[in-house]
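Quick one: this structure, given as structure tokens, is what I'll be asking you about.
Each chain gets a letter, A, B and C, in the order it is written, and its residues are counted from 1.
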């Protein structure tokens, strides 16, 4: 281990955060987190969801106040009370969701809060001129008087970066900056990051995509459970090792058992075709096709924005979409989730908090929400029957809750997901659409859920599983369907396909036969 | 050691404590407070607030708000007398009486449906959608009666007393609208607790996107609560004109939206939706009424009374405010 | 070039052209309607329509109340809020002005404006400091300010003091222009400058467009909101002073429905009721348009075309509000779909 120890300390770090602690009511978010940034370096922070990356950044940029610890910036101890103070001290943040005002012009967004003035009045000419100059430094040429909302997402992100530059930042924090960009745009972003570095500006880079680290970052800090676990140079550390550090496992363990809880892949015999969709058209969809049989897990792979989620939502009737849709061979029109549920479908959404749980309702009510029509006589709910069902599924799914009457928001992510799975399973569905079923769930519960999905498919349930974790797709699915730009571009038998082949299809969209032969 | 969460305790029991304190104060310092007369008078006044606030509770539980209730009361109040102008306006007086009760309720329910359409089909924010009738509805009421106050004694139908029974009649010594109020409260509490609809209301307010994906007919639920709120506002409007034995389009239901929202908030239903308590709303309305009664009984001026009530509303909303995280 | 177009592109072009027409109507609709109405009025009623007295004294002077409250409301609505208390605050200020009129014009005027600022500061403080919903706070203020007006007036209209010059406020003319009209015009000029050419104005727009982004950008959100509601209060207070001067009394029961007039004028002009987009000029157009509609209806009534009582006014304002709000939400949806 020692040969991989941090590089020799540079004489004066630009930023030194030590012993940072932060607690929210009921949760300890950070406990002994540390971070050291050298001038002009690109520094990655990685960790699982909930490891404390975002909280640490929000303490750095003044959104939260820390409970303990010290921050030294440029040799001075600092204590930012709000984002403005952090900004004027040289810390600028670009958030995952672009946090700007769509109605206002590009220039106004860049200078928001620091609008140039002359004689006490706004100096609009100077503002437009300066904005155009900053954007030009990034190689972006756009009419700065246009409302920001009329630009595409990648361009809006460039505006956010320009805003950071205009504040004379010493450190730019980028939180998942590539989550909504395509390959070409990511390349442009990397160019910009290299440009910042050349100008002596340090970049803190937070991303789930480990490959990106190797492309632009110099050093990496690993966080787990609110603590800083490790920090080292990116060169010479393997991806597997980083994953092991993030998960808190030994490398050998990860290598031996695979990363997931799936075991039964390829051992099942698929039954009748449950659902068959061809030529789906709609938002982010451009002719995607997919089919699922009883007793099989179909993995739906694709980059962000490839239309993965949209396919699932279209099948479920959640969004309006055109195309040919057949359930068990019969043409149907699922125009609402209610219809889809009646047809035997269930959808576990990607964002549980936004689209899944009813936070203040109890576990009991959340679990039986979709089953209420079946549980009610003339609109009156049979609570005895309801309790019986809930008890059964709490036991069957291993949901850890003190009481079925507990509000669901008090449960951990993994247990919330189990309740949401139970919401569909108690209806005895024939097909489950699972959008990122294990995202943001701790390692133990993750494996449990994966085992459960395996068992359900064994019992004859059809599963369409979307995941951005390729291991999950490769190890779990019986068949892999790859989407790109709203179209189905490739389909593989998952038993003998490699990650590289799937990734190639995701990135380039080629359905070359060689893909399958390479694996053999 | 378990720490006592004082703000949470206040949120949970504050309304009951406040009500008990008001009752205790008046029992000691207000003469005749414990008489049947005062009891009837207070509950009579509270009844209309409770009825409207029950509808408001449902709307707020879905994450909405209904600012139009006061104006809808005025519309109901101004419609009712039109059917009782003389005995044989509709053949027989009975038809006139039936219309005088049914037509206003249908009209305000339709106004509620109009609010619901603006919210569900047009996609307006509930505040903006119901602002239209809040601001314009009283204008409609004034138009219906040409802005004139209509005295019931000037109406020709022999069944006018039957309409007045809504506000002035007694059953076994209890004022009729108190019975109406109790029926509304019990029914509403039961619906919220026991039925699919009640759960759909809470699910819609708790997370409408998640509710829709779980098969909850979110738009129909919203339509239903705005219709319900309109219907109950109409009922309250009829009771008010019956009590007053006259219909004044300027005055009927004035500030009712505020009283109703206050009753809901004071009772412990958060304005952010997803949770609701009908019993709390009942207690909240009683608090608002008793507060007003206490001030008047102590000869506090009308103007000061209004300011105190406004302050009480703000304090209640502050106490219910969700912790911003 | 046009011949080379293939189907879908041509359709897109048509759609874009339609969008342009629609957005032009949205942006300039109120102005177009205003111009048409003026042309109609001049053609139909001739010189009485544009006589000096009719324009300045009958029309403009009587619309200063609405113009002032609408000006404050413009800033409130652009910031993403609403102020339902303007009518009550104006009444409180009118009573204050009437009470202070014994000390002369200036104390009465300043007192009324301060009364309005006081109410507005409470609104703004509660909304900004405690993140309470603006409609709840201003609805409570509607009740409280009316109560303050009743208390201050002992529940009866307060006659103004004629001897000390307060009533001059309604009588002084500069050339043909009555003083209230002049003051209102100057304030609209300042309002435009404030919204378009100062940091404060841009911050109000940014807060209404995305409050969270504004906060993260270091804009002093709370302070800006407090100032916005205080401005609305101040302008309602000034309107109250004008009301007292023109009606010779401060009546605790006056100014009913002013919030509707103000909100309708702001929205009809083209300011988005959900915040983030709007202008002072468009509010002025909205005020003039609604005012002119009622003048036209009066003329028609005078000519015996139809019988309409004054209760139609609120109905018409409400109908306009409804139509514009529905129209705006349609456009907003179209805008979202385009992105």
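Definition applied: a contact is a pair of C-beta atoms (placed from the backbone, for glycine too) under 8 Å apart; a residue touches a chain by one contact, two chains touch by 3 or more.
Since this is a predicted model, take the numbers as computed values, not measurements.
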> Compared with subunit B, which chain's mean CA position is the farthest off?
Replying inline: A
>> Of the pairs B-C and A-B, which shows more C-beta pairs in contact?
In response: B-C
> Which integer distance in Å separates the CA centroid of subunit A from that of subunit B?
Replying inline: 45
> How many Å are there between the centre of subunit B and the centre of subunit C, using C-alpha atoms for each centre?
Replying inline: 30
>> Where in subunit A do residues touch two or more of the other chains?
In response: none
>> Using the touch definition from the top, list the residues of subunit A that touch subunit B in their complex.
In response: 24-25, 316, 318, 337-338, 341, 347, 349, 354-361, 365, 369-370, 372-373, 375-376, 379-381, 383, 423
> Where on subunit B is subunit A touching in the complex?
Replying inline: 194-197, 199-200, 202-203, 206-207, 209-217, 274-275, 323, 325
> In their complex, what parts of subunit C are in touch with subunit A?
Replying inline: 193, 196-199, 201-203, 205-206, 209-210, 212-219, 276-277, 335, 339
> Across the complex, what residues on subunit B touch subunit C?
Replying inline: 65, 67, 118, 122-125, 127-128, 131-133, 135-140, 142-143, 146-147, 250, 255, 257-258, 261, 265, 271, 301-307, 309-311, 313-314, 317-318, 321, 324
> Residues of subunit A touching subunit C in their complex?
Replying inline: 63, 82-84, 87-88, 93, 95, 99-104, 108, 112-115, 117, 120-122, 124, 149-150, 163
